[in-house]
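Some structures to go through are shown next.
Shared between the two complexes below is chain A, which has chain B as its partner in the first and chain C in the second.
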Partner chain A sequence: MLNKPEVDHLTTLILKAFMFTVPCHVETNAVLGKCVIVPVKGRRVADSTVLPGLLIETPEIHLANPLTVKRTCSNLVKVALFCVSMAGDLSNPEEGTITVHHGISLEMLELNQLLNIGKQLVSDEVGLVVCQKVIHPSLKQYLKENHVIVLDRAGLCLMEPLSQMTGSKPIASIHLLSPSCYGSLKDVSIESFASKHFVHLIPKDTVVCSLILCNRNETAWDELKRACETAEHVLQLTIKEPLALLGGGCTETHLASYIRHKSCSLSASSFKDMDCSRTQYQLVADGFCRSLESVACSLNHDGGEILTDTVYGHCWFVPSGFPSVSNWSDLVSKCGCGINGNTENLNWRLLQGQFGSPVIQGCPEAPSVKVMDFLTLDCFVAKCSGLQVALETANLILDLSYVIEDQN
Partner chain B sequence: MRWRRCCLLPMAFRDVNARRHIGLQQLSSLALAGRTLLGPMKSCKFIVDESTNQSTLICSALRLIESLDLTSAAGQLLNETIQAQNKEFKTGMSTLLFLVGAWSNAVLECLQQNVPVSAIVSVMSEGLNSCCERVQCLQISIHDVNKELCSSSVRPNTFKSVTCQIGHDCLLNPQIFLYFQKEISAPEVIPMNSCSHQEDDCNFNKCLASSLGGFGSTASLVKPVGDKSTSVISGSGVIASSCNKQKLTHSRYFSTIAKSRFSSQQDNFQGYLSGQPADPCECYGLGHLAMTLSHGNQTSMKLLQSIVAYQQERAECSGSSQLNIAEIVTCCLLGLPESYSCVSPGFVTLVSPEQATVIKYFEDKPLRILLMDGDLTEQYRHLGFNRPCNVRTILEHPSLQEGRAGDLWLNSMLDILISFEVNLVLVKGKVCENLMERCIANTILVIGSVTRDVLCAFGEVTSAQPVTYLTQLNTSCVGSRAYAELWKACDGRAMDLGELVPIRIKVRGIPLLTAVLTTAVASKMQLIEDQFWTLVYRLHHALNDKKVFLGGGAVELLCLSHVQMLANKNAVKDFHNPWLAAPATEYQSVVLQALASGWKQYLSVVMCNTAKAASELEACTSVDYHLKKAADCGSPSAYILKEFRRDDLLGGGFGPFIDHREGLKVYDNVTAKTEAWRRALDLVLLVLQTDAEIITGPKRKQLLNSHVSSEFMFL
Partner chain C sequence: MAARSELGRLAQEAAALAGAVRGALGPRGGRALLVRPTGEALLTRDGRRLLEALSLEPPTARMMAACACSHSAATGDGAKTFVVLLAGVLSGLRAAAGGGGLRWALRAFEAQVLERAVAQGLRGHLLSALPGRQAEADGGALEAVLEAYLGGRLGPGERRRLARLCCEYCRRCAPAAASRPQVLRLLGRRFAELHAAVAGLPVASSRVLPGLVLRRDFAAYCPAGGDLRAVLVTEPLRPALSAPGVEFVVDSEGGYQASLRWISRRTEALMKHLQSNNVKLLLSSVKQEEVVIYHAKLYGVSVVECLSSEEIALICEITGLSPYTPFGGNTDREITEAAVATFCQPLLLGSKRCVHVGFTSVCAFQPHCLILCGPVDGVNEQHAAALQGAFTMLQQLFKTVDQRERCKAEGESQNEAADVCSWHSSATEQQLVIENIVCNSNQVSERQLKMHRDETETQIVDPDLQRSENSTGVQTNLQVLSNPLSHIKELNVSTEGNDSSRDVQKPHAKCEHVGDMHENYKSDSLVDNQKNYSTAASAAQSANIVTACERLDVGKDLEKTSCNIVPFKHKKSCAQRPIVLLSSEKKRKKKADQLRFVENQVVNGTNFLEKSIY
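Let's turn to the complex of A and B:
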């Protein structure tokens, strides 16, 4: 549960994070970057923040702060990104048995190979080595002694954004090292949040950012993370298809009243084309409209009444505890999406309880577009797709005749 | 196989909350068990496991919840919430537990009065927000807490400065010094009687000394300055007259001054003064602050004050003035009386008698130290190393001389240690026992299970670099100038506690401090350790927040008064839901009263626990009396502030202060407290808003046949 300042703070952060992922220089095929959510559980939501670039958690904070980073002549940090394990174990255990003479250590051979790679990295002036998996302590020690910053166990999820951000190609072998694989960073620094320490990788151009998301407990954090991901996704969908629908149930009730109006005014010839009677058509249309309206109804959890108006066909909520015979205009203030206020007589009626006799009404009007402070909007792409999937699933189930259950 | 129409779906308890609100009831009954853990006077509890007949002694909400068998969903959420609070703050868990219970009950009552869930949720959370804003006026900056110490013992408008220094040779050395300096400037100089002036100073110093009685039973050194006043002054302060010294030496507290130390410490002291920031109150404040946050826990407070004094002395050199938690470790010694608890610079740990024998060979020799961040065994490989399973080693020419493979490893490891002349190895993980024996025979002391922080601290001062394998070793990895000795209690005795021997490892300039916690009762060990860390973290958070709350129930009283005022005013601010024209005003009063009842119960239970009231009824009456007075006064916060200053709030400050006197107020953490409130309310509202428990898995058939099957619905 978030309070108002927390919601505002988080909203700003999500928007900021999204802006970071939009590339500054758009060429023909613009690709949105990525926002990585970094968990800091047990902190207040207000402690959340967003940073450009990536954060990699590291237990070894006893790197000197500020970090001394080896830079290339262009004042950038050369980065090598490994996606293969550098733990020094046999990297590709295949079928069959390897027979080794006593006194020969495969581990030593493997480690020597790693140290060779280390030497090449040092001679190539690499300033930062990131490995998705584990790096052997001896290799780490060697690199550190040569003033290379080493980060291991970065994890699979970070590989794509890391590669995108640094421009480096993940190296998948400890035998071949091509200089073209290296990428670069603007800077590297150390950041601490709560008791966690991170190495902050700062890119030249920001398309990747990190949202440090805090919440009081584990369960609440998981929920919040889901919400943030959804919000980011909605923003991405909206930037691709810059349309939004009025939310708060208003689109559904408006659609329902529009379909009701249309279905009444259909000509006899069209029924013939569809091979059904007017009554049959009406029944199906009414069922469809009521399904739409039940979506709006399910937004209300308190057992209060749900109204619709006959002018705009929008959705209105009345708190529970008021008798149904009340004068509705005394009880409602704004419609679900917030675009219409209780200013004119909109001729409210109950949304539910109209079985049998659908109200025949005029075509619902589009509300005059006003600049409102707080409109509730829905994502156009997501909602359309949701309606379509629901419809197709319903059709599929209609066609279904049997479910075969294996009782054994 | 049969053909049939069938649906396989999970089932659910239909609308659990509409009927019984099991979750809230569970929360409330769990919280009931922690009632007497609230406040400074906690009652310990035994938790007995019927199946094993084992019992544990607990004295905190955290340990209570940990020891309970929490199978219910609500119980697990409660555990998670308490763990989260503990992880972040290490304090405020009993407050959290108590308020969860109190607010669960209050919410259940609201539901009985048919208040809709949404109204409860919005009004309660807005109400708490409003409270958190309101109580900001009871925050007091750490700076002001420090000043209070000055003003509480000094007559107003006197223009003087008193500085004293307590050097305290705790156990072994390096010496722990505590500096006190007081400086109060008034806009005008008022002529005063020098006699009363002296008296004030004396009282002040007495107060300091007695409050710092925690520095063990050894002699405390108190040295008044003034004899060389002109040379030590910096800034605007004027040093107290030399008569202070006479007065002080006659005081029974200060009669054991070791005069020989005076001259040697004079330079040190002067250097200290001249490097002072503009506000000298800062310099001795931490010890005082620790005291006000200790809520009567003398043992922990004394330990923390020693730590603070030591760290502040170091901070003179390094420039950081915060309490550094990473530099504190604890060592639990069982079998010594509690009065032996103390703080030792360096690392104190328990080793076997065999290992202890090595120390005798060391004598006062500087040791070469090696740090290992894994296990020291043959099989150990770093994390993420996968052992190949399909490698077979063959031996073509077996020879008897080579011996077993294990010996080979032992020998080579020992050779490495000997060739680098390592005397002391601190290992993060386990140590191979055979190697340990061989090391002991070669007078190399190996200590296992050493925490990261300790390794880091030794790494910093000895310039040793932690390695994972001994084969990695090169000369730059080995540190030097470490010393090891048997740990001695404050009466100078070396301890032999049966199987394990406490030893101390130190390096000149190491910031690491070990709080040696002693008790003769095994079951109290955990409890004492918890209490110590709680206090350490209270001070840590107070410093982070840079402010503290007035304690002793002042904050809760203001919340109570504020919420009741909101409830009575009815709709001061509409807690609006944008969809509703008629805001939840009609329920507002009921819900706010429910919120208030949480704090009222909190206050009355604390008063009962501290024996400030004989019964809850008496406590409630007392709370009501203060509420009424506060309301009549017009400004409740001003009233509470006034009563707090007079120590008259709810029967005086909490805690059994031995020398309870003016100036020793009780303070609480700001963030820890408000976060505990929020977490408690969040949990209650979360459980309130869950409307169904959906059961999946094989148990559902059992449930279907049970007597509660009528409460299921099929999804």
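Let's turn to the complex of A and C:
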């Protein structure tokens, strides 16, 4: 588990990474970039960091540090991106037979073509060549002699972020090279973490960033990665719909008390519309409120009491180990989300759970908006959608009238 | 005696089937959860899906289920009712301690009491489903009909919402009310490609989107504004060095290099040609090479590849597009086989990226797509099946209108016309649609029937016999014959024996009617499921039968089930010997033959439903 400083550090990093993916200049359609998570297992969580651009791992330390990169006249690094194999193997997609006469070596032909490509790349002042698959050693050597940085075995996952970041179109043919498919980068450098070495590609406009995530424990690392991805997703949802709910169980209890209040005051015509009786409606509403409250109760793991106040309808947790007293205000300090303190007398009562009797409730008020630090918030879209889907699934199960087991 | 114990067994099987579907019957019924040993679960209230999903062992039970399914496939409704009714009839017959008299009594009951009661007695109690001018069935009436239909298939919360959605969808796909029947036919056939399902979202998120949603992602996406031209290809665009059966000989280094370079340049030239013709979207049914995608990106052409054949067929139907063959002829000519699309963009459905493209339609159908959302996949499947059934059912409603008008226009005698038309209207539920049958018969009863057939009777058998078998195409074939006859018989029948005389008198008048009906309807009307006439037809009608056979292309379906030898023979036989009108003695003899035939079936263990009652 993470301690507080680690949580704070990661929070800052995730936010930073997310801000990197938001484009600065938008012409027509704003598209969020991508955050690539780079695993480094064996370091402390506090060593994690965020870098703009992409990191491509290089096994060899053959590249000198600092790198000398060939630049064009506008001080940019030209990038060529290849998505076909440049290993000189004749990966022919042909279906028929190819007969080769004696004395002709197709591999030599292929290699010659590759070297021709190399010459063209050098003459086009390309500074960096990245290939999704393998590059032939001769070609690699040739390009290195001409001061072109070569990275191969980049893999399929990096192709899309690379082309998005550099503006280059992945080249699919070694026979026809069109100069319009090159891209550009601002800088290329070398980074090292733990025992891994990366080539760091820095673009002009950051839309792609890399989050280097460290954790001592390998299995815990997977969970940490999942948590970071979920956090990014929640941030994206919040950009789409900029609303947040109060967390810590407070929204659930508030909603429950509001529904209880409202369900007592519905008119008869609305029951006719819904085709049910008042009692039926109140039974269902009561059941729903109890289920919301049970969600709030599940947040409590240390066995203490859970209270709700009748003024704001928020959720208050009492630490365990205290005898039950009648004056709750001595034991509670802040509600679940943190927006309400115990300064006023809020008329607390125990949150009942499944077996209490229905409660008559006045309308809960909205807390006065104070700018507070450390409010616990929940994602609106996720929670709303979750509630709706849960209700529909419950409806689905209730609608099941019988089960047929087919044993044939 | 053997027949009686058979009857008991059959009644039991039918009762078991009825028990399986009874819980889902009607608006107050609930969903069934069908669990297979493999662990698959099916959530449904639809009788047809339930029956198709059950793996039944006894062949008679399979046949019962197949009958119900094929009936439901044709009408869009009524599978559960069918099965429950069947179980009731069989148990009643068993209780009546049936003997020889039972089969005759049943037939007489059908001929004399039931048909007349349904045709005339019910007529007074029927209301029009779509009141007002039929051609402009307004949204409110349509929604009410849909809500009633979906009430038997969905839970109370969902039916109103889905009815509203379906109504809106119909309205947007066919803004002109006159084109609605035609559009409904297309919807019924192509609904699988016209909707997309997203699991994990609430049902309220379901909506109608303009254009089509293709289930693939872009291989290359180049955003383009405004109208764009789209081209369809069915072959790889990169020229190949060699093909299966072709040998490419490399005898010089230069030659090989030149060939590869030529290939690359040719692909580039093709893309350039597309660009110069303002083609911005390439739809491919096969996977294209990387080189093609690369050049497409360079020249600003978006590419969607690996489209399924159904999607291609739908696009061709909507746009009238034919595939573009770049290497067929002169590559420098104008590209005329292009369709116009108003927009083309990626669409995120749940976690899948799809292509959302809006084609301009050349037919009456305005392409719209339905996005169905639900908590789990099972719910989406259920909704989709319900909507598909709704379209089939709606087709019936609109069909009635056409026939009624056409009947009146034909200027038949008032009585007959009225009876014929009323017959149709009362039997709205029972009309068969050929397109549906031909499309659906493959799926519907295939699974149920695995009977082996070794009988080779060449008699022209009852519609019931045919119906109990797989090919509903045959059914409709024969209904052509039985249709006009039933009317004739219905009008003045007292005993079966008299039929023949009446037939002899009236064949010509009815012939034209049949012929006309043939021309006018693409489908034939099955008037009554339970009719058991030996299909006596006049000689003049045999010609129609032949044309019916050929036109319906029955043979296609029949190959699949070895049982349907009869239709084949029927086809051949009607060419060889004209079918003559049978007198009553011949009919009785025919029935005796049928009996023997049946007894053979019983012994062989492959029973036909109706026969085995005897």
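To be clear about the criterion, the second predicted complex is superposed on the first by the 367 of 408 C-alpha atoms of A that agree within 3 Å, B and C clash if a C-alpha of one lies under 4 Å from a C-alpha of the other, contacts with A are read in each partner's own complex, and residues count from 1 in each chain.
Please note the rule applied: a contact is a pair of C-beta atoms (placed from the backbone, for glycine too) under 8 Å apart; a residue touches a chain by one contact, two chains touch by 3 or more.
Treat the numbers as computed from the prediction; the structure is a model and nothing was measured.
Q: Tell me which partner A:273 touches in the superposition: chain B (first), chain C (second), both or neither.
A: neither
Q: Once the structures are superposed on A, label A:403 by its partner contacts, choosing first (chain B), second (chain C), both or neither.
A: both
Q: If you count the residues of chain A that each partner touches, which comes out higher, chain B or chain C?
A: B
Q: For A:101 in the superposed arrangement: first (chain B), second (chain C), both or neither?
A: The answer is both, since A:101 touches chain B and chain C.
Q: With the two complexes superposed on chain A, say which partner A:133 touches: chain B (first), chain C (second), both, or neither.
A: first
Q: May I ask you to decide whether A:392 touches chain B, chain C, both, or neither, giving the answer as first, second, both or neither?
A: Only chain C is touched by A:392; chain B is not.
Q: According to the stated criteria, A:83 is in contact with first (chain B), second (chain C), both, or neither; which is it?
A: Once the two structures are laid over each other on A, A:83 reaches chain C alone.
Q: Touching A:29, do we find chain B (first), chain C (second), both, or neither?
A: Touch partner of A:29: chain C, not chain B.
Q: Of all the chain A residues, which ones make contact with chain B and with chain C?
A: Looking at chain A, the two contact sets intersect at 93, 95-101, 106, 402-408.
Q: Can you tell me which positions in chain B touch chain A when the two form their complex?
A: On the chain B side, the touching residues are 1-8, 77, 80-81, 84, 87-88, 114, 116-118, 121, 125-126, 129, 374, 381-396, 452, 456, 459-460, 465, 467-469, 471-472, 476, 577-582, 584, 586, 675, 678-679, 682, 685-686, 691.
Q: Per the contact definition, I'd like the list of chain A residues that touch chain C in the complex.
A: 28-29, 83-84, 92-101, 104, 106, 108-109, 112-113, 169-173, 175-176, 178, 180-181, 275, 385, 388-389, 392-393, 395-396, 399-408
Q: Per the contact definition, I'd like the list of chain C residues that touch chain A in the complex.
A: 20, 23-24, 29-37, 43, 50, 53-57, 155-157, 200-204, 223, 240-253, 256-257, 260-261, 263-265, 268, 289-291, 293-294, 297-298, 374-376, 379
Q: Taking the complex as given, what residues does chain A use to touch chain B?
A: 1, 3-4, 41-44, 59, 62, 85, 87-90, 93, 95-102, 106, 133-134, 136-138, 141, 145, 152-153, 194, 216-220, 248, 301-304, 316-322, 330-334, 336, 338, 342, 374, 402-408
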